[in-house]
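Across the two complexes that follow, chain A remains constant while its partner is chain B and subsequently chain C.
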Partner chain A sequence: MSETSAKPVEGERKVFMTGNEAVCWAALAAGAEIMYGYPITPQNEIMHYWTRNVPKFGRRFLQTEDELSAGFTTIGGVLAGRRAFTATAGPGNVLMQEPLSMAEAMRIPVVVVIQQRGGPSTATVIYSQQEVTLTCFGGNGEGLRIVYSTSSLQELYDYTIKAFNTAWKYRFPTFVLADGYQAKMRESLNIYDPAARGIEMVPTEPFLGRPGKIGEGREAAHLRNTYNIEEELAEVLERDIADYERVAPEIVEHDSFNTGDCDLLVVAHGIVFRSAAMAVRDMAGQGKKIGFFRPITLRPFPEEQFRAAAAKAKTLLVAESAYGQLLKIVQQNLYGSTVPIRTLLKPGVGITPEEITDECSAILAGKGA
Partner chain B sequence: MGRAVKIAMAGEGGQGVQSVAQILMDAAILEGKEALYIPNFGVEQRGGVTIAFLQIGDEKIGAPKFKIGDIVMALSDRAVRRTQMYVGPQTLFVYDSGIQGVEGDLPKNAKRVLAIPALETANKKLNPRVFNILIMGAVIGATGVVTVDNARQAIEKRLAYKFEQAPELRELNFKALQEGVNLVAGMGVS
Partner chain C sequence: MAVEIELQPKMPKCWNLASKPHKFCPGCGHGLVLKALGQAIDELGIQDRVVFGCDIGCSLLSWDFFDVDSVQTHHGRTTPVLVGVKRANPDLIVVAYMGDGGGYAIGSQHLVNAANRNDRITAILCNNTIYAMTGGQMAPTSMPGQKTETTPYGRDVNEQGYPMLGPEMVAAITHEGAYVARGTVSKLRTLKGYIKKALENQIAGRGFSFVEALSTCPTNWRTNAQQTWAFLEENMQGYFPVGELKVPADAAGGASEGEEE
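The block that comes next holds the complex of A and B.
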């Protein structure tokens, strides 16, 4: 993989592009060296834009035979010390869970962009927020993953760059969780060279084939995902879980508004958060005591900040384009709290600001169940 | 919060509603406005009704899709039926007067329903190829979301490669744009 002198993005500039294009430019700007992938709507154009730019900037691309292989080859790229990533959606995300479980087991810093579509199975190629559980907790493990849920194309760009640094710093698989709307829509954003904003990229290093002689210059690389006895596995998991819990407070991110003593606190993530923010700000402007809490990291979840906000609210409203996937996380993180939780759950379909306003108005007026 | 103008354009694949939405978005950008465009897309590769959702405003746009449009434009019989769901009491519903057999399917809850002879005008006065640009003119005439001048510049930008090969296309496109504006201007729409 040749180093090229030309930077894909110089300085900073405002552009109008689709989310898939934004992911591609962010990965280029972050110095990603190789993408592995298998086509699936609505993430296809990430691969298209990437392959178009590969020759210009000395990067590489491998189209695999399926998502299982795309996940495993991404692991291979990382083992060789490359800043590698893949992207998928829906049934592809399901297939990819086997390699992603392995990445989790071996602490391999793969970066995965998920453009959620409707499920289960092939369902729609359009949009949903139904891959929250799968992305956070998929696989036969404990969900030792980092999941950023973006709500705009600016965030898609920012967090794709950030994902590479989070992954390589903490050595947990890191996900950028967006959706078909963010993939396909066009809006304004600023693209930039990370260095121009003082963002340093965390250096990568090979896991295998390191320089030096085993036993002399260095220890042997001991990468395992197979264990002979239960206690051996438990020891590794306890260590990884302790690591995860220790770094979680540094990783968690959230956004909130008007959380002090509100009658209603709206909880939403991703693109639905945009509708929630519009509705809440509008209603707060009309004097209603209403706020929002938006987790940016779904894994690890900003538990402490959320509990503090929820403690000052009379009622919560959880809104999502899924039938209770964010809700489950919310309930788990609120254990012991008695604040009533209302819901606006629309699996596989978008939620407009008007719908959230109507629901909030009904709750504030004391209507409904 | 400045309210964005919400535009839904629907037609048969090949009628050019998606390219029109993109040119309109380019024009909005030239005007220094914020815009968000998203096509509807499904598993069908061809043969479906295609819808472009476009919002133009002074501030960053909120949600990408909307329930009710300010202007909903339908360019085929199927599109007339398919777009009912985006029509509300604030909606200006525009359809092509050449579409047959949809009288019973026109929305009853729109603020106003407007039939414009877009296809006929394109075919008889101009060229069927510029039908989409004529439609774009009609949207601009009805909403004033962008100026005709910026629309011309946006057309120029996107079709420059075509104009290079056939310069007469430039005038044809600009004429179509103006015809579109005129079509609705005569209908008492601001």
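The block that comes next holds the complex of A and C.
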């Protein structure tokens, strides 16, 4: 399956395409071997582009009966040693949490692309940032996952490739969290062969069906997620949590601007960060003491970097297309700080740079609630 | 002493001796189904290529039963995990092992769709007419009138419907190349023959292979040995006919149906 004649992306080239198409090309370029998926808007075109390229590059695809199956078959693909992935959104993300809790429990490096849509329930097929809590902390566990929140189609391409390496290096389920806007809009971006940029793909290996004779070359694998006693479970969780906390500083990523001694620090992620960055740079250019902090990894969260930035700010503004999902993470990571937090929360609705500018201006002028 | 040793029944080679004696209750049929599966794996010489996945419920207790690559999944989700494995590495021989609740209730969409897609996997479903691990609730396969914890006055078919006829359903929706049979732990050699054919069907790449095994649960049935046997042989087999429901035209030979033990 991995022995393909032509590379899907040679060298590097500039393209103009949608985010879903960018995800597909990134997965192809990263050497993803099999995709399992179930239709749900706004992520469908990832499958559409993938299925068109399957025969050209010796890849595979399975359309499953639902997202439970898409998640569990992806787990099966990874257990067989393949770079496997799936993509979903909204109610599909809800169903996907069951298999993802298994992936979390068994340290199975699945890669999942989430194109957030409105919620709760079926809501809209368009856009939101309302799947932050679900993606970071879904399932009946502790949220031992890695979640990259992208803000552009270039990042969607970059982080989809990176997600495969992060997953297989650290063995935690890894998510690329984007949204309907990024899924459907077109932008210019550079697509590239990871090797052309010196990116080495972390090799995969089978958990089941390894070569060799049982009892001679190898022992039979007995993989479990069920335990008989509390202490048995605790031992596994303590090990996994310790692993997660140990590697978190290597994984966390953020972006920031003008964080030293500012009157207002805008905190946003994903596509809303794009609006925030435009507004903040514009206002800073006009002499306002304003900066931004943008977490790229929502799990693990860049706590140390964020606390340092927040410590130098007089006020924070959290802006998101959800009713306080990023806000909760921000508050948790600021525990003990007394910096006032203002909010611009628009669940399921996009936020323009102008809205952020207006909000920032009101705060800096000492107005507003 | 020497005589005793000679009389010891032979365990299949692919059994994991470290996990024996097994964890099932006395009188449970799971050990017999897994014995038939073990013998079939031995006879086909496929121990090193088998991936065994088990559902949640009593079937979970088989997770370290074999000396073959094995994985625990979730309740009802064994079929998709092994479909995923097989699609990713068709050289492996995958076995999805589940109970009646996992296969016919919570995971029925996976069974139906894997069967309809003709996925080259072997699913073995242990039908003991009850949710046993959780303490004896009604299963999709509980018999009319059967008393369970959630039908304490007996399964009323007007309220709770009739027992699910799984192999009949799978046979109805599968296409050419599928193998479907229902065996019973009371005819173990026949059951082994069915399971072997189900594995051979996967190895030949013909299609979906499904064997339901009628089994026993004296713990939750609250039956003694005689009542247990009577329930299996009379009640269950009266409703769930034993035999092959679908055999691919090019499958070699027939299993010895009705063969006496």
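Criterion: the second predicted complex is superposed on the first by the 358 of 369 C-alpha atoms of A that agree within 3 Å, B and C clash if a C-alpha of one lies under 4 Å from a C-alpha of the other, contacts with A are read in each partner's own complex, and residues count from 1 in each chain.
Note that a residue touches a chain if its C-beta (ideal position, glycine included) is under 8 Å from a C-beta of that chain, and two chains touch if they have at least 3 such contacts.
Everything numeric here is computed off the predicted structure, so don't read it as measured data.
Engineer: Is A:T297 contacted by the first partner chain B, the second partner chain C, both or neither?
Structural biologist: Touch status of A:T297: no partner.
Engineer: Kindly classify A:I75 by the partners it touches after superposition: chain B alone (first), chain C alone (second), both, or neither?
Structural biologist: Only chain C is touched by A:I75; chain B is not.
Engineer: Looking at A:Q130, would you say it contacts chain B, chain C, both, or neither? Reply first, second, both or neither.
Structural biologist: Neither partner.
Engineer: Go through the superposed model and pick first if A:Q43 touches only chain B, second if only chain C, both, or neither.
Structural biologist: neither
Engineer: Taking the superposition on A as described, I'd like to know which of chain B and chain C A:Q325 touches: first, second, both or neither.
Structural biologist: neither
Engineer: Just checking: does A:I351 make contact with chain B only, chain C only, both, or neither of them? Give me first, second, both or neither.
Structural biologist: The first partner, chain B, only.
Engineer: With both structures superposed, pick whichever of chain B and chain C touches the larger number of chain A residues.
Structural biologist: Residues of chain A touched, chain B against chain C: more for C.
Engineer: Of the two partner chains, chain B (first) and chain C (second), which one does A:R281 touch, if any: first, second, both, or neither?
Structural biologist: A:R281: touches chain B, not chain C.
Engineer: Spell out the residues on chain B that touch chain A in their complex, using ranges where they run on.
Structural biologist: Interface residues on the chain B side: 1, 22, 25, 29, 34-43, 60-68.
Engineer: Of all residues in chain A, which touch chain B in the complex?
Structural biologist: Answer in residue numbers: 16, 41-42, 122, 124-126, 152, 180-182, 184-188, 271, 274-275, 277-278, 281-282, 285, 350-355.
Engineer: Please name which positions on chain A make contact with chain C in the complex.
Structural biologist: 1, 33-34, 36, 60, 62, 64-66, 68-69, 72-77, 79-82, 84, 98-99, 102, 206-210, 212-215, 220-226
Engineer: Can you name the residues of chain C that touch chain A in the complex?
Structural biologist: For chain C paired with chain A, touching residues are 16, 47-49, 51, 56, 60, 63-64, 66-74, 77, 80-89, 91-92, 109-110, 112-113.
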